[in-house]
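Below is one structure, written out as structure tokens, with a few remarks after it.
Chain naming follows the written order as A, B, C, D, E and F, and within any one chain the residues start at number 1.
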Amino acid sequence: MENKEVKESVSDILLKTTSKLAQPESYETVYTIPLHGMPMPDSEVLVEIVNTLRQIIFPGYFGTSNVNAGNISFYTGVNIDKVHKLLSEQILRGLCFDCIKENKNSCKDCENNAEILSAKFISLLPEIRERLSTDVKAMYDGDPAAKSFGEIIYCYPAIRAITNYRIAHELLQLEVPLIPRIISELAHSETGIDIHPGANIGNYFAIDHGTGVVIGETCVIGNNVKIYQGVTLGAKSFPLDENGNPIKGIPRHPIVEDNVVIYAEATILGRICIGANSIIGGNMWITDNVAPNSRMNPNR
Amino acid sequence: MENKEVKESVSDILLKTTSKLAQPESYETVYTIPLHGMPMPDSEVLVEIVNTLRQIIFPGYFGTSNVNAGNISFYTGVNIDKVHKLLSEQILRGLCFDCIKENKNSCKDCENNAEILSAKFISLLPEIRERLSTDVKAMYDGDPAAKSFGEIIYCYPAIRAITNYRIAHELLQLEVPLIPRIISELAHSETGIDIHPGANIGNYFAIDHGTGVVIGETCVIGNNVKIYQGVTLGAKSFPLDENGNPIKGIPRHPIVEDNVVIYAEATILGRICIGANSIIGGNMWITDNVAPNSRMNPNR
Amino acid sequence: MENKEVKESVSDILLKTTSKLAQPESYETVYTIPLHGMPMPDSEVLVEIVNTLRQIIFPGYFGTSNVNAGNISFYTGVNIDKVHKLLSEQILRGLCFDCIKENKNSCKDCENNAEILSAKFISLLPEIRERLSTDVKAMYDGDPAAKSFGEIIYCYPAIRAITNYRIAHELLQLEVPLIPRIISELAHSETGIDIHPGANIGNYFAIDHGTGVVIGETCVIGNNVKIYQGVTLGAKSFPLDENGNPIKGIPRHPIVEDNVVIYAEATILGRICIGANSIIGGNMWITDNVAPNSRMNPNR
Amino acid sequence: MENKEVKESVSDILLKTTSKLAQPESYETVYTIPLHGMPMPDSEVLVEIVNTLRQIIFPGYFGTSNVNAGNISFYTGVNIDKVHKLLSEQILRGLCFDCIKENKNSCKDCENNAEILSAKFISLLPEIRERLSTDVKAMYDGDPAAKSFGEIIYCYPAIRAITNYRIAHELLQLEVPLIPRIISELAHSETGIDIHPGANIGNYFAIDHGTGVVIGETCVIGNNVKIYQGVTLGAKSFPLDENGNPIKGIPRHPIVEDNVVIYAEATILGRICIGANSIIGGNMWITDNVAPNSRMNPNR
Amino acid sequence: MENKEVKESVSDILLKTTSKLAQPESYETVYTIPLHGMPMPDSEVLVEIVNTLRQIIFPGYFGTSNVNAGNISFYTGVNIDKVHKLLSEQILRGLCFDCIKENKNSCKDCENNAEILSAKFISLLPEIRERLSTDVKAMYDGDPAAKSFGEIIYCYPAIRAITNYRIAHELLQLEVPLIPRIISELAHSETGIDIHPGANIGNYFAIDHGTGVVIGETCVIGNNVKIYQGVTLGAKSFPLDENGNPIKGIPRHPIVEDNVVIYAEATILGRICIGANSIIGGNMWITDNVAPNSRMNPNR
Amino acid sequence: MENKEVKESVSDILLKTTSKLAQPESYETVYTIPLHGMPMPDSEVLVEIVNTLRQIIFPGYFGTSNVNAGNISFYTGVNIDKVHKLLSEQILRGLCFDCIKENKNSCKDCENNAEILSAKFISLLPEIRERLSTDVKAMYDGDPAAKSFGEIIYCYPAIRAITNYRIAHELLQLEVPLIPRIISELAHSETGIDIHPGANIGNYFAIDHGTGVVIGETCVIGNNVKIYQGVTLGAKSFPLDENGNPIKGIPRHPIVEDNVVIYAEATILGRICIGANSIIGGNMWITDNVAPNSRMNPNR
């Protein structure tokens, strides 16, 4: 084919495909009408928010390196202002995304609500920091390869994933839509660790290596629990409503009590209870309750 | 050692190492001679292409937020032009990379071919959108934690991975070299889901969580199949030719028929068939055919 | 609530939270005092260093596309200079991070040491390139889907992970703190493959797919070994000292001899030996020695 | 001084200076209280707006290069949407900046007003394009060094400056505050040509070289006028009010009638009239009316 | 007006304006048809080219700081490769822009020509460096405020402008279209110094301060000439052809012989000669020849 | 010429030119040997420093928009820390650049000196802010087109130029090398206003339009002086030493007393005095003292 003919035929294909894709019947099920012109939450801004929170929580490790007792309130104050501003905007987008579903006529209150929710979240930061410091300690104590707290805070993917989880969990408790999920997926993508923000997880929580870990929406995890890579705490099955759709929100994931260790690639499914102080061996498939103080081993 | 001596000895090491690394015998097996000066495909541009395709396929979710029936053809038209231009260039690079292997003297036609292949791919976008909308629906129906189609389109890693797969698959069907593989590895890196672009996958395809999923080159997957994290659909072994090299392209991965569910961490290997409507439990190791309507459970 | 009241109450929360977070008792366990004002190593610079090393090792694939026998020493020389400069600075930061732990009064020598260590590392590049070229060959020979060396070098996540490992391993041998770990975590995040830089791995090493692979700190792996996705070579347990803390540095991970293949999701734990020429089936849980030439299969 | 003392004394100075600068009496005259939290207009966004307008006005020269009769409405439509969105936000900021001065309690209407003003401005674009095409023609006809219309559109600083002027002038006519001035200062900085957006300038307007040209707020310039570098059309003096402050808005700059040429570095001051078809020589100082058809020459 | 009505009326205006601007009669005189899809030269790439040339010409000042006798050929080689590649592409665009004017059917040769022209230009770099070093010396000798060669090379706008001129001049000699003009306008914008690339300027050329300097296309300037800010070496008038259009390319700017000094704001017009060793006072208007060794003073 | 021959001949030219440019005799006069590996000051960092200083000096206008009495010390504190850190590094580079000239063996003290000089400069910020607020007031009072202080602070090029001057002047008083000059050239490039940092300028200083203004190194300017575009306050001539080189540092620029106004394009040269309350008309050439209260007019 001649060069000119190629150009013309290409041009023709592009125009025709554009026209097809712009037909309402083509796009209707994969399209969103932004209510009140409010765009979707912005993942890059959420990354920036999480990074700024990391600077607030772990001073000296992330962000400026010359923070000291004299200037720490300057840096913290500026970062908290920044998080409040950015997060209010993203929460607003999340609220408006829900407005679409609820077909609300107006979301005038959304703006004020977003500012208040963002501030409420910020007021929880001292507690989030405290919990994370227990996680750091647990991971240091349980890992012969770790040489200092700092190495864990700065290099370990698990601490990144748990930080995102603890942030996302509090946002979900405040009933912020969509944002918690995006924040946990950011960590999932970076670390391969997939913790649903709805899960309840105690202090001194440790994950080793972590790739492939899945912790479901209604999991309840006690204090001082340690899990390895590839562990699934999932649902076994879920009841359907009369229309054959899954019923949302029913407890369907495991309860893991205090001081449990679960080794690599174990799959634990359903609303069962792994009793305190138990050790679950790797590659196991568990769908029934496990008594406290048990030792489960795949080759026995 | 004195500071000055350090500088001199360092400088000496750098020059000597440069000289070693610039010897042909050092680099010959890890070096490419770009035929006709054409560089390797550019991953960052491919990311941009995939992002633009996502804007075309899911209007309002990605890209501009104020798309409406009045202006959707403007945005679609501009994005399609952009994809055509960028993709033509990348396809050209892929074609020329193959020219090296085939030791072609000239790749004069490559430029026209690249433009045509790029346009042919674009003409498949309405169909790709249609298939993806069935995947979205399947994931919504199968996940009690999902609150809307939008949440799946916008947040779920599986839909990202399947989008990249459906794009890469069509490019591979058009015999575009290298690019399909890079596009599927982009999703693999982001989501931990590794779908070879050569696999054939039906509609209403769902993956949950997804980290660690592997779907091999010659897999055939029916409609309405759902798989969980850590599932491998792999090869068991492969025949070697008379020189001991693996014979390329022989069907060696599973066939999974309609309505099958495969739970977490199951490993299914070889050209076997998982019959329709079967459920495969987690952590299983399967190397033989499974009859339709089976229930496979690791603890039995 | 009125808009003005909202603003005031928000402003109040932000100031109070700032004040709490700036109390020493809030931050003391999650804070680092940078000795001599030296900041933490910078992950983005380490990414740049690794990318530049990839350009040096695989000329024509990464970096400029018009490298040839006439100008390769220019490009190599400039890139080696660049790596030396950037890496010296990062090593210095790593050394100073250790100074904190050792409570050293001064780290005057650190600067010279960092320059020397960086140069010593660079002098190992020809050897690193040679080893990586054996890995490329092994992956080509073992993968029926691979069409050329170039496809493996350019697209395969496993070669990225092994490149980072071979770099990180040499830095660890030189006793550079922190940096090796960060470099291996970069690959872990990108590929889901987690190889501790302390592991000893022979030539012709192949990983297929790779997501979820974990190779522990004291592993010893021979030549011509191949492992699949989800394989763990981990520790089974570890001795504690008199204070109940794990004793660091004891050999506690498997030895894998020459020509071993380990299939997907197998979990191999403890200081055991997988004898030469053995094949370990997928999803297995192995905590005892395996004799040479064994065939281990989960369904038997 | 010892290193440690230096650190302490430096730290001390920084804290003390911070404290001084945070005293209200230090900052009160150089500080703005953003009404309703609305920030100042953003120069970088205004640059982006002007660049997008340039793409709309001069298709093919700026922005995409493959615009043609088939797709020009796509590109124009998308760019107009983009300008409307960005400009509405900037106009809103400008309006709110004025709210501060007027101490308005609320600027609820500002948002709607901004959207309408932005749309009104856009409706003037066809006329702005038409005027600019006369300017291009005038500059081509008057410059022996110019080789094509395209060279003028693409390279000549004067056409950049006049484009910004024609945009800013229409915005000022719509009573948009602050933004017009910023847009003309952008051109001033880039080209050294300082045209106040309040000036009234006819068609076929040409500036050669242009550095140092100043055209004041109340200038009236006819059609087919050409001026050279360093020419000032300024105010001679201005009446003060009873408090000794300059009275704003009084006509105080020259009127230049049709077909006038003014050579380099001439300074023309006050509300005088340069009659049609006159030629003013370079380096002249003119403060009185000039009759039509005059030839003014500095050496006579 | 209600919010909804505003949206609709705005949307209406945008669509109507788009439609007007997409009419051929609206855009025909301000539109370019890129021949063979080749876009306009890219100013940002030209900035990068000029910056790279500055690194080649003034090693140690611009670009890497650790260049030394051992590695200077590496850095120079890499930079020259880079300039050649980038400049070839830009020259090609310039050549194709001319193809439009000449309505050439094909520009197959353009690609080879561009590569050759780019290489020819590079072969002139040693000479350009030599000339620029005479300019640096002249500016140092003539400025009591200058403290070192380095200060002039690194900080003085005049040396930036003259560097761009010397580059642009050689490109124009090679008959490269458009690019020389863009390069000289880059310096014009940055420094306020406007030197047409067609001018012929000897060695040891000095400009002080520089804002407002204009040097016309057919100027001839000897060695050791110094000019101050605001000086114009321009055309007085130019002959028209039978159609009333200016005849292009006729010598119409001054000749300035060796050792002349011209003070601030002097305006010198027409094809006159300023004789060697003359001094022209500031703010003068000169349209006649000046004998060698003259002293011209405005107050006499 | 064949394509392949072109490639070879081009490649040949590039290698030969590289080799010429890498000869010491080619580069020796235009090359700097960075003492102690310290690179040249970085203009982009200096831009960032000046922008941060602008945020400190004019809160609410530049930088964050939600600064208020409650958080202004946080923002000021963080910005001052940032300036101190960045400026110390740049001052160090400036000091080391001088070390080269002085051929110092070591610049061990330079680091401490740089930190102290940077802090000393910061301690002057309250005074700099105070002076600038008088300049803003003067420009508001003298410009009928100005509508608010804010418009001047935010949009007027003159206030940018004077801000850079007042910063650069204090740095020069502290004997910081090179940096002051670069900072004033940044403003020169942006605004066309060229104020040497050595000049002494009183309070309430106003410049209108400004392009082409030159204020020399030894100028002394009183309070409440106003100058227009194109005004030069320059040197007339300067004494040479016995070697024919200009003697550096001798007072050679005008003294301008309080309350003087100088109109556009006036050129005032030499160590003369313009007496208080005088008005100098535009385009004048003045090389003799002007008595107080004079009115100088070009047409008389």
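Couple of notes before you dig in:
By our rule, a contact is a pair of C-beta atoms (placed from the backbone, for glycine too) under 8 Å apart; a residue touches a chain by one contact, two chains touch by 3 or more.
Please read these numbers as outputs of a predicted model, since none were measured by experiment.
Comparing contact pairs by residue number, the interface of A-C is reproduced by A-B among A-F, C-F or A-B, since over half of the pairs coincide.
Taking shared numbers over all numbers used, the chain D to chain E interface scores under half, which places it in the different class. Between chain B and chain C, the centres computed from C-alpha atoms are 25 Å apart. The mean-CA centres of chain A and chain D are about 48 angstrom from one another, to the nearest whole unit.
For chain B, the set of residues that touch two or more other chains comprises 15, 18, 66, 68, 71, 73-74, 77, 81, 192, 211-212, 230, 265, 283. The touch graph of these protein chains has some other shape, matching none of line, ring, star or complete. Pairwise chain contacts present here: A-B, A-C, A-D, A-F, B-C, B-D, B-E, C-E, C-F, D-E, D-F, E-F [touch as defined]. Here chain A touches chain F in the complex through residues 64, 66, 71, 73-75, 77-78, 81, 85, going by the rule given at the top.
Residue ranges of chain E in contact with chain D, taken from their complex: 1, 3, 6-7, 9-10, 13-22, 24, 26-27, 29-34, 37-40, 97, 100-101, 177-178, 181-182, 185, 188-189, 192, 194, 196, 198, 211-212, 214, 216-217, 230, 232, 234-235, 238, 245-250, 252, 265, 267, 269, 283-285, 287. Those residues of chain C lying in contact with chain B across their complex are 56-62, 65-69, 72-73, 76-77, 80-81, 84, 112, 115-116, 118-120, 122-123, 125-126, 129-130, 132-133, 136-137, 141-145, 147-151, 153-157, 190-192, 209, 211-212, 228-230, 263-265, 281-283, 298-299. Those residues of chain F lying in contact with chain C across their complex are 11, 15, 18, 68, 70-71, 74.
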